[in-house]
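Take a look at the structure below.
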Amino acid sequence: MLDTIFFYVFALLTIGGAIATITRRSAMHSALSLIVSLLGVAGLYLLQKAEFLFAVQIVLYIGGIMVLFLFVIMLVNLDQAAKERQFNRQWLLGLVASVLVGAQMVWMLNSAGVLSLPAAVPAPAATGPGNIEALADLLFREYLLPFEVASLLLLVAIVGSVMMAKKTS
Amino acid sequence: MSPLSLALWTPLACLFVLLALPSSQKTAIKLWANISAVLGLLTMLPLITGYDRSNGGFQFVERAEWIPSLGIQYYIGIDGISLLLMVLTAVTAVVATLSSWEAIQDRLKQYYAMLLLLQVGMLGVFASLDFILFYVFWELVLVPMYFLIGVWGGPRKLYAAIKFFLYTLAGSVLMLLGILTLYSQHWTQFGTPTFEIDALLRLTMPFWMQQWVFWALFIGFAIKVPMFPFHTWLPDAHTEAPTAGSVILAAVLLKMGTYGFLRFSLPLLPQASMDRTIVQVVVGLSLIGILYGALVCLMQQDWKRLVAYSSVSHLGFCTLGIFSLNPNGIAGSVIQQLNHGISTGMLFLIVGVVYERRHTREISEYGGLAHRMPLFATVFAFAVLSSAGLPLLNGFVGEFTILQGAFEANRWWAAMAVPGVVIGAAYLLWLYQRTTLGQITNAKNNHLADLSWRELAVFAPFILWAFSIGLYPKPYFEIIERPVARIVERVRPGYYQDRPPSPALAQAPHAAPHTAQGGAR
Amino acid sequence: MLVNFTPPSASEYIRVLPEILLTVGGTILMIAEGLAGERHRRGLAPMALAFLLLALGGAVVAGMDPGPAFNNMLTVDGYATFFRLLVLIVGILSVLISGSYLTRENADSADYYALILFSLCGQSILASANELIMVFIGLEISSIATYVLAGFLRNDKRNNEAAIKYFLLGSFATAFLLYGVGWIYGVTGTTNLQEIHRFLTSSESVYSPLLVSACAAMMFVGFAFKVSAAPFQGWAPDVYQGAPAPVSAFMTAAPKAAAFAVFLRVYSIAFSGLTERWQPILWVSAMATMVIGNFAALRQDNIKRMLAYSSVAHAGYVMVAVVAHSEAGVAAAMFYLASYAFMNLGAFAIVTHYVGKGERYVGIDDMAGYARQQPLIAALFTWFLLSLIGVPLTGGFFGKFYVFKSAIDSNLIWLTVLGLLNSAVAAYYYLRIIVVMYFHEPTNETGAAGPVPAGVRLALIGSAIGVFVLGVMPSAVLEFANRSAMLSR
């Protein structure tokens, strides 16, 4: 019962935060709303007994990435940008499209019986090696290659952003 | 290397030599191009002498793997029909090359390279026994012709060149669809990939599928022929092409379509080709083509366009003959294809001669040319009479045999085609009268030079050939007798059982000259 | 658990040799630039070429010992080797045409070559990926590198537009793909392609086919975007037009080929049990891609934009082979992509040279009379264009031939008819360039008629030979494709 209540609270935070992120005019407000949304997700992880993900979510996303976001927003004068012409005029079309796709997804999930599952079955309490250990096992054994290759992905992203930021000669 | 491969690849070898010549050496290029054309003709000799008339199958067969996994082979061979058309190609190449000596001054090397490439393509079309090889050569013809029209053509050359290319390409992609269906059927029925004609003959296909394939191939071939209503590219392409291009287009390229019917449509799809509806539609289109082409000719103001439309009419006879589906009709059609090549080739050369002198094709600009150009008038007369089907000349033999065949199939067909012959004579003679007879009305025509020796030499092969066919067509009928019989036997099994063993074919060559003499008297 | 751990064997490392070489190469390039300084920038392209050739060798070596690698994350089979070689060859040709272009635009930099190498590394992973996580990572590496490359000339507005458009839409499409992967994991409990196939075809497993189709559909969004198939082709013309010409050349060939590789692998392994559900959708997509690409290209006056639409159209032809859903179809797609890579790179190589500094001469009319100025180059361009049309004796012909043959074999008669008619329509816009080059007189204001740089010349020769070999002697490549088309389930 309590689980269910928490689930809805976190879900509300996630969705509400996300909506606020894209509707606020001020970049600062958007960023703060995003933090709320990410917090909600972290809460959902915790409900699923994924403590590691929960911690990573908070430390990395909220602690690291979002703080960087805020730095950037405060350093760059974004108020200027807010006054410029916006390209998101087709919000009505976008809304219709998202509602349609959303409805389709709900219909498909429903057909699979996913939606009518007994609500919030508590995840079985971890036995044996803990959550983090299991994750490490997977990452460094089975998923060794993707784990390593992901570093190349980061390298490419860094090269790209450095190039973008470099002063033009 | 078999004589056939030699004949096929000599032009290509000559092309490489040509490319090695420096562009500045104009005379050397011209000389070499003419030598190449003559060489090409010489390579036909072993084929002509070595051809066995008593054998209806393919001769000089050569086979090599090309793409084994798809079953595509380099598989060539000829029967009498292809032999005649190949010889026609080689002769036309000589004529076309020589006729360009003065007409073409710009980008000589590329021009002759295109002619040689065209020759390879045309010979390949007639020699291929593998459907994909055939298709490759068929498409290969398209590119040099496109450039010939587009670079060296008349005022509206761009439009004409693109129209020619797109029309033919649209047809040939549908043809490719037909080819792929046949291939796929062979794969399902026999489990081996192949495109060779002999193997595809073994197919047993349901009638509806034969029908589909027939129409797919039909559109490809009909555009090339061109049959009404697919003919609209032809007047433009013919009119705008340089003289040599028009000659080749008329003499050989159009025959690729009719040849396609004979080599592929009929033998591979006998039931569909026999089908009443299909035959009626095709014959109907042929008859419309004959009459429509002839009528349009009567109204043309443009000399070259008139000759172009006359092709529509004459080729209508050829398809009529083919779809009469009897030995006379088909044999007559083959002979008529040859004749059309000769006589229309000559007519285009005639236009080329006056165009070089006056740079206009308006019929009304001319008149009374005979006064200044007696030789020209004589040659022109030959061309006109040969094209109009005057007995003793070649045109008569073909048309007469086709009408015989059509009559045998359905007398109404013959009755409806006859006006085509009459109108044909009318528009040609009228053209002759307007341009060559009478008084010189246009002062610009007062100082035209008559034919030079070179120009006479250009006409010579065609004139001689026209006479020889007209006077003694027997050898030609003999060459194609067996192959034609094979096609008829394939489409209408048992056709020969109801008739004397050596059927109308044997009579045709005798009948024709006989009547010819009767007519002359 | 720990006891059972076996470290990856040596042969497994060899199977990822091209990826290793590419990563190392890209890194060395960036370091070398810093060490050598400004003056030695000319040496960057040859160095990148050297690494690419090494990687090419690595791919051959890796292909000689086929098998899975790293817990079945990758599988190096003939199919993977084919695509690895293909993208690496495209990389080599692209680098060849980039050198003079970058010098002309004053943008020589190791980053450019490093990004090409990294992008190729991602594509090489895609070619061999056997696991949806690897698919995602490979796709992202390849894409992020190309996003940056598309906007490489940062002072150019069109470059910026191309990059941002590609980046935003691309991320969105990849998100769909990732979501699809998530769902499929939810349904089957695995991301390994064979295991997904096993789960979906096993009689014991319980799942909703509708839900799986939704996964297939979401992944289709991602793949279709990357291969520029309708209805997700909208970005292609803007990006290919806006990006630097050599980058457009690269993007239309390599990432597209790799995306098709993984598209085919995922659909013919994981979703092969659901053919009747996705086939109709792909049928429509293939048809629409061909029609949109060809008919839009008819109206273009900008040569890059025209080639961009043509690239969409060609993706449509490959889609036909995908719809065929057979081994012959897979082989046909492989062959087609190879021949397309050569003819398209050849065409783009000429455009790269022709457009001149700042890409000034991008109008088709700017090529007026090119045949008189540069007869040989014009002849080569004609050769590539004829191949794009699909005239016999060029690689393009056998590509189309093979694609439509596989479609006929799978009874896709109408799609074949539409495709063939489309290829006839396409002839018009390719012919337009030939018309302008040969039949129009040169004007004063024409593009760079100067000598062709050595790199471009090499690339042209390479592409021309490629088109020739695939058009006249396709047997070897065809048989390799045929042998490799059997994807193990």
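A few comments on the model shown:
Read from first to last, the chains carry the letters A, B and C; within each, the first residue is number 1.
FYI, a residue touches a chain if its C-beta (ideal position, glycine included) is under 8 Å from a C-beta of that chain, and two chains touch if they have at least 3 such contacts.
The structure displayed is predicted, hence computed values, not measured ones.
Set against the C-alpha centre of chain A, every other chain centre is closer than that of B. A summary of chain positions shows that the Cα centroid lying nearest the centre of all protein Cα atoms is that of chain C. Averaging C-alpha coordinates per chain places the centre of chain A 72 Å away from that of chain B.
Chain centres here are Cα means. That of chain A falls 31 Å from that of chain C. A separation of 44 Å divides the Cα centre of chain B from that of chain C.
Shared contact sites, meaning residues of chain C that touch two or more other chains, are absent. For chain A in complex with chain C, the residues that touch the partner chain are 104-105, 108-109, 111-114, 129, 137, 141-146, 149-150, 152-153, 155-157, 159-160, 163-164, 168-169.
Interface residues of chain B facing chain C in the complex, by the touch rule stated above, are 66-70, 132, 135-136, 139-140, 142-143, 146-147, 150-151, 157-158, 161-162, 165-166, 169-170, 173-174, 176-177, 180-181, 183-184, 187.
For chain C in complex with chain B, the residues that touch the partner chain are 386, 389, 391-393, 397-398, 401-402, 404-405, 408-409, 416-417, 420-421, 423-424, 427-428, 431, 435, 438-439, 474-475, 478-479, 482.
Within the complex formed with chain A, the residues of chain C that make contact are 1, 5, 8, 16, 19, 23, 27, 30, 69-71, 73-74, 106, 111, 114-115, 118-119, 121-122, 125, 131, 133-134, 137-138, 140-141, 144-145, 147-148, 151-152, 154-155, 187, 207-208, 210-211, 213-214.
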